[in-house]
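The two complexes that follow have chain A in common; it is paired with chain B in the first and with chain C in the second.
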Partner chain A sequence: MSWSDVSLIAPMVWLVLGGVATLLVDAFVPRKGQGHLLITSLVFVVLALASLGRGSDGTEAFGGALAIDSFANFFHLTFLVVALMSLAVGSVVFAREEKPVAEFYPLILFSTVGMMVMASALDLVTLFVGLETMSIALYVLSASQRHSLFSSEAGFKYLLLGAFSSAFLLFGISLIYGATQTFHLPTIFERAHAAGGISMYAVYMGGWALILVGLAFKVALVPFHMWTPDVYEGAPSPITGFMAAGVKAASFAVLLRVVWTASDGFFSEAAPLMAGLAILTMSFGNVVALAQTNLKRMLAYSAIAHAGYIFVGLCATSLRVGDPAAKGILFYLFSYALMNVGTFALVSLVSGRDGERCDLDGFRGLARRNPLVSATMAILLLSLAGVPPTAGFWGKFYIFEAAMREGHTTLVVIALLNSAVAMYYYLRVIVVMYMREPEGEAYDGHSPQILATIAAAAVAILWIGLFPGPVSELARLGVTALAHSF
Partner chain B sequence: MSMIESHLLSWVIFLPLIGVGLLLLLPRRNDRMARNIAFVILVLDFLLSLKLVIGFEPTAALQFVERKTWVATYGIDYHVAIDGISLWLVMLTTFLGPLIVLSTWSAVTERVREFMIFFLVLQTAMMGTFCAQDLVLFYIFWESVLLPMALMIGIWGGARRIYASVKFVLYTMVGSVLMLGAIFYLYHQTGGFSLAGVRAVNLSPLQQAWLFGAFTVAFAVKVPLFPVHTWLPDAHVEAPTAGSVVLAGVMLKMGTYGLIRFSIPLFPLAAAKYAPWLAVLAVIGIVYGALVAMVQRDVKKLVAYSSVSHLGFVVLGLFAMTSESVVGAMYVMLAHGLATGALFLLVGVIYERRHTRAIKDFGGLAHVMPLFTVAFMIATLASVGLPGMSGFIGEFLVLLGSFKSSSLPAARIFAAVGATGVILGAVYMLWMVQRVFFGRCDNPDNQGLRDLNLREICVLVPLMILMFVMGVFPKPWISTMQPSVDALLERHVERVEAHVAPDLRTVWLSREEEQR
Partner chain C sequence: MNAYVPILVVMTIAVVFSLLFLVLSKLLGPSRPDPEKLTAYECGVPTRGSTNLRFYVRFYVVALLFLLFDLEAAFLIPWAVSFRSFVADGVGYSMFAAMTVFFGLLVVGLVYEWRKGALEWE
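Our next item is the complex of A and B:
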C-alpha cells in the first residue's frame, strides 16, 4: 500500500472520514435536532464528489484489488448522488421520530462506501467485503424505526436472507478459487481462456452458479425475491429508496463484471436460464404489482420488474469495447437511481410520520392539494413506466435495442409487453392523484429538503430524457474502461 | 423574423409548448388569463401555420425540412418535414386548436390552467407526430399524446371517466410497445432510424409481414379499426367536449396517417398481401359502426360510432391503393375532422344547457333554437356526404377508387358494401336529427333553451364555411395532396413488382431448363 493508492480511493476515504466525523459530532456536540449531523455528512459527500474522477482506464489500486477507472467512477457518481438525496430526505423523516436515530448518517455513508468498493472490486474477496459493508449497514437501517414492528421485521428478514445469500456467494467464491487458484477476476478470465482451459470445469461452473444465486438475492430476481416486498414496505421510505437504487446498481455492477469474466464459460451455456430468469422476474414483478394497494409494496414489486428489465440487458451483453447492452445497463441504473430515490422521497413526504398513509388512497386528489408535488410524482412514475421523453424511456430503449440486436427478439417482445402491463399500475397512481377527489386530512408534508430533492430528480429525469447524450457517453466510457480492465 | 422563417416548422410544432411555459408562470386561480394565453398562442400558431400553406410547393418532395443530430451514437435525428400528406393534417390541428379552446370557455371551469397545459402539450405532440421523419422521434411524439389526452378524459370527463381514460391508455399502449419492438428490429436491420433510410432497405416478405403487423396493430387501435374500436365509444362519451373534438378531429387521424406513412410504404409486400384483410375489417367497420350508431340513444355515442364508420372509409381507401381512393381517404380524414368536430361541439353546446344527451329528452328543438338547428343540419349534411359538402368528395373518391382497385380481389364488392355505409350514414344521422330537432317541442325543459351565443357562433362559423368550401372547391386540397400520394403509390407498385419480377424470371428460367 502506498500513498498513491490511498489518493486513488479518495472518495471512499472521505466517506469513511465523514462517517466517523458524524459519529463524533453526535457524541460531542449536544444539540437538539439533526441539522448539524446532516450538514457534516453532506460536506463529506460533497468532498467525495469533488474528488471523483481519479485514475485512468486500467488503473488498479492496492495490488489489483480495486479498479479506479471510468466504470468505477460512473458507479461512484451514481452512489454519491443516491447518498446525497437519501441523506437530505432521511434527515427529515428521522427527525420526526420521538427518539431520533443519529446513526442514520454514518450508516448511510458506510453503506455507500461498501457499494463503491463493490463497483471497483477486481477480486472476489474485496467484492465480498464491499458487499458485506453495504449490507450490514442496511440491515441496521431497515430496522431503524424503533417503534415500528414492520421496520423491525424488515430488518430481521433482510438480515436472515441476506446472510443466506452471502453464504451462497462465499461458497461460490471458494469454488472458483479452488478451480482457478486466484481471486483476481482478470486472472480468472485469462486462465479460463488459456490453452487447455480449466481442469476442474464442473467446480468452476458450480462456483459461478452459486455466485449468480448470491447476487440474484441482492438484486431480487425471481425466485430469489421473497424478502423484497416485506423489506421495502417495512423499512423507512428513504432507506427503501436508498436500498432499491443503490444496492441494485452496486449488485448489477458486480454482475456485469462477473458475466464478462465468465461469459465464455458459464454464462454462454446458461443463456436459456438467464433469459428464463429475466422473463420470470419481469412478468412476476409486474403482474403482482398490479394487485397492490399499498404504494410501497407496489414499488417493491415494480423494483423486481425493473431488475428483470436490466437482466434482459445482462442476457445480451458480452465482453467487448463499447458493448451496447452494458452501456444500456449503466444508463438504466443511473436513471433508475434518480427516479427511485425521488419516488421514495415523495412517498415519505406524503405518507406522514408512521408511513400510515402509504396506501394508494393517501394520494387521493394530491393534484388539487399540491399540483407541484403531484406533477413531479407523475414525471417520476412516467419515467419508471418508460414513457418518453423521460430518462426511463432511454434506459429501456438502450437495453431493449441492444438485446434485439443480439437476436433476443422474443425476450424483447416480452419485455415490451411487460412495460405495457406496468403502465397500468403506474397510471393508477396518476389516476388517484389527478382524478379522484381528496378526502380525509389535508396533506401536511412540507419540507424544503424533500421538495428540493424530488424537484431536482424530476428536472434531471426530464433533462436526460430530452438530451440522453451526455449520460450515455459517460456510460460508454465506463463500458470501455470495463473492457480494458480484462 | 429570419429565425422564424428558417425554422418555420419547428416554430409551428413547438409554439404551444411556449404557451405551456407561460401558463406555468401564471399564478393559480387566474382562469381567465389561462384561457386567453392558450387562445392567443393557438391563434398565433394557426397564423404561423398558414405560412406553411403559402410556402408549400405542390410537389412530392419533403418541404420545410429541419434536421439536426440528436442522439449521435444511435443516429437519431431531430428530423421534421412535411409533404402533401402531412401538410393538411398539421393544418387541421392548428385550425381546430383555437376553436376548441374557445369552446371550453363555459364548459371547463375547474382547474382551467391544467386543462390548457394538457391541451397545448397535446397540440405539440400531435403536430410532431405528423411531421417526424425519424422513427424514434415519431414514437416519442406518438407516446406523448397519450397522457395529456388520458388526463383530459380522466379529470374533466363524465361519470365513468376513469374507466374510459384507463381503457384508452391501455389499448393504445399495448399497440405502441409492439411498434417500439418493430422499430428496434428495423434499426438492427437497417442501421438507422431515418424514415427515408428504412424505406430504401429491402426486407424479406416474412420480415415485412411481422413488422407490418406490429406497426399496423398500433395504428389500427388508434384509427380505430374493427375489432379494436371498443375504447372509442367509451372515451368519446366520457371525454369533455373539447377532448372529444381533439380525439375525433385529429387524434384518430394519427392512426390512418401512420398507415399511409409507415405501414404501406415501409412494408410494401406485406401491405399488398394483407390489403384485402384490412379492407375487409374496414368494410365491417363501416357497416357495423353505422348499424350500431343507428340504435344509440345518446347523441354523443351515436356520433362516436359514426366515427368508426367514417374511419372505415379511410382505411378502405388507403388499402384500395389507387390514386383516387388514397386521395379520397385523405380528404375524408379532413372532412371528418371538420364535420365530426363540429358535431361534437354542437352536442357539447346542448349538453351544457340541458345536462343530458339522450335523444328521447329532446324533440322540436328547431322551434326554440333555430340557429343551433341550422348549424347542426349543416354539420349533419357534411357528415353524411351530401354532394356539395365536404363529406361527399372524400367518400365518393374512396368508393370510386376502390371500385376499380387492382389490389383488392372483388374490389367491386368492397365498393358496393362500403356504399351501403353512406346510405346507412344518412339513415342514422337524419333519423337522429328528426327526433331531436323536429316534431313538437313537448318537454317543458326544452322550451326555455337559449340559442347559440356569439362565442359559440364564432366557434362554429369557421367550421361551417370550410365544410362548404371543401365541398364545392376541393382543388387546393387535392392538388397539394395528389403529387405526394402519386409518388407514394408509384414507389409502392415499383417495389411490389420488383419483388414479383425476379420470381417470374426464375420460374421462366427453370421452365427453359426443363425444356432443354
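Our next item is the complex of A and C:
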C-alpha cells in the first residue's frame, strides 16, 4: 500500500469519509429535521464525483486487488448518480416517518462504496468484500421502515437469501483458488490459457458454476429470483430503486469480468446453459409482471425481465477490444439506473406515506391531477419498455444488435417477443393515468427534491435517447479497458 | 485428482458407519419410554419451567458491541505479532496507517453507539 494507491481510490475514500461524517453529525448535532444530514452526504457524493476518472487503462491498485480504469470509472459514475438520486428521494421518504431513520444516509454511502469496490475488483477476495459491504448495508436499509411489517419481512428475507447466495459464491471462490492457486483474475486467465491449461479442470469448472449461481442470486435471474418480488415490494421505494439499479449494475460489472476471465473454459462450454437462463429470466419476468396490480411488484418482475435482457448481452459477449455486446451492457445498465431510480422515486411520491397507494388504482387519472408528474412517469415507463426516443431503446438496440451479429438469432427473437409483451403492462399504467377518472382523495405528494430528481431523470433519458453518442463512447472506452486488463 | 481418493474413502467410511450404527441401535435397542425418560435432561435435577425463555432484547446490542471488540482483537493481535517483520520488510508505516484506518472506523462505530445511548442499561 502506498499513497498513490490511496489517491487512486479517492472516490471511495470520499464516500467512506462521508459515511463517517454523517454518522458523527447525526450523533453530535441534534436537530429536528434531516436537512443537515442530507447536505453532508450530498457534499461527499459530489466530492467523490469530482475525484472520478483517476488511473488509466491497466492501472492496478493495492497489488492487483483493484483496477482503476475506464471500465471501473464508468460504473463508479453510474453508482454515484444512483446514490445522489436515492439520497435526494430518500431524505423525503424517511423524513415522513414518525421516528426518522438517520442511518439511511451513511448506509447508502457505505453500500455505494461496496458497489464501487465490486466494479473495480480484480481479485476474488476483494470482490467478495465489496459484495458484502454492499449487501449488508442493503439488508438494513430494506428493513428500515420500522412501523411496516412488510419492510421487516423484506429485510429478513433479503438477509437470509443473500447469506445463502454468498455461501455459493464463497464456495466457488475457494474451488477456483484450489484449482489455480490464485485469486487474481488476470492471473487465472493466464494460467487457464497457458500450455497444459488447468490440471484440476473439474474443480475449476465447478468453481465458476458456483460463482455464477452466487451472482445470479444478486441480479435475480430465474430460477434464483424468489426473493426479488417480496423484497422489492416490502422495502421503502427509494431503497428499492437504489438496490434494483445499483446491485444490478455492480453484479453485472463483476459478471463481465468473470465471464471474460473464464471465457475459454467455463463460459464457452456453458453457453447453452447461459442462453437458457436468459430465456427463462426474460419470459418469466414479463409473463408474471402481466398479472400484477401492485405497481412495485410489477416493477420487481420487470426488473427480473431486464436482468434477462442484459444477460442476453452477456451470452453474446466476445473477448474482443471494443466488444459491442459488452458496450451494450454498460450502456443499458447506465440508462436502466436512471429510469429505475426515477420510476421508484415517482412511486414513492404518489404512493404516500405507507405505500398504501402502490396499486394501479392510485395512479387513476393522475394526468388530470398533475399533468407534469404523469408526463414524467410516461417517459420513464416508455424508456423501460424500450420505445425509440428514449435511452431504454438504445440499451436494447445495442445489446440485441450485437447478439444478432454474434449469431444468437433465437435469443434475440425471444427477447424481442418479450419486449412486445412488456409493452402491454407498461402501457397499461399510462392508460390508467391518462384515460381513467380520478377517484378518492386528491394527490398530495409535493416535494421539491423528488420532483427535481424525476425531472432530471426524465430529461437525461430523453437527452441520451436523442444523443446516445457520449454515453455510448464512454461505454466503449470502458470495454476497451476491460479487454486491456487481460 | 488421485490425491483426493483417500479423502473420499474416509468420507464414505464415516457416512456408512454412522448411518449403520444409527440404524442398528434403532432396530436392536429396546424401546420402553416413560415420562421420566422423555423429559429434557437438566443436570439430573427435575426440570423446571419451559425452555422457551424470553431474552431481554438489550442483550442483542451488547452482543453487537462484543462483536465489534472481538473483531478488533482478532485483527489487532496477529498484526501486532507480525509488526516487527513488517518493519523489517520496510512496510512498517503503511501497515501502521492501514491499522489506524481500521481502528478509526471501529472507534467511530463505538462513539456513535455511545452517543445514541446504546450503552445505557435503562
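Please note the rule applied: the second predicted complex is superposed on the first by the 486 of 486 C-alpha atoms of A that agree within 3 Å, B and C clash if a C-alpha of one lies under 4 Å from a C-alpha of the other, contacts with A are read in each partner's own complex, and residues count from 1 in each chain.
We adopt the following convention: contacts are C-beta pairs under 8 Å (C-beta built on N, C-alpha and C of every residue); 3 or more make two chains touch, one makes a residue touch a chain.
Bear in mind the structure is a predicted one, so any value in this text is a computation, not a measurement.
Steric overlap between chain B and chain C is absent once the structures are superposed on chain A; the two fit side by side. After overlaying the two complexes on the shared chain, residue contacts for A:382 are found with chain B alone; chain C is out of touch.
In the superposed model, A:420 makes contact with chain B only, not with chain C.
In the superposition on chain A, A:130 makes contact with neither chain B nor chain C. In the superposed model, A:200 lies in contact with chain C only, and not with chain B.
In the superposition on chain A, A:28 makes contact with chain C only, while chain B stays out of contact range. In the superposed model, A:18 makes contact with neither chain B nor chain C. More residues of chain A are in touch with B than with the other of chain B and chain C.
By the touch criterion defined above, A:371 reaches chain B but does not reach chain C.
Of all C-alpha pairs linking chain B and chain C after the chain A fit, the shortest spans 45 Å. Of the residues of chain A, not a single one touches chain B in one of the two structures and chain C in the other. Residues 367-368, 371, 382, 387-389, 393, 397, 400-401, 404-405, 409, 412-413, 416-417, 419-420, 423-424, 427-428, 430-431, 434-436, 468-469, 472-473, 476 of chain A are the ones that touch chain B when the two sit in their complex. Interface of chain B with chain A (complex): residues 28, 70-74, 111, 114, 136, 139-140, 143-144, 146-147, 150-151, 154-155, 161-162, 165-166, 169-170, 173-174, 177-178, 180-181, 184-185, 187-188.
In the complex of the two chains, the chain A residues touching chain C come out as 1-2, 16, 20, 23-24, 26-28, 200, 202.
In the complex of the two chains, the chain C residues touching chain A come out as 1, 91, 94-95, 97-98, 105, 108, 111-112, 115-116.
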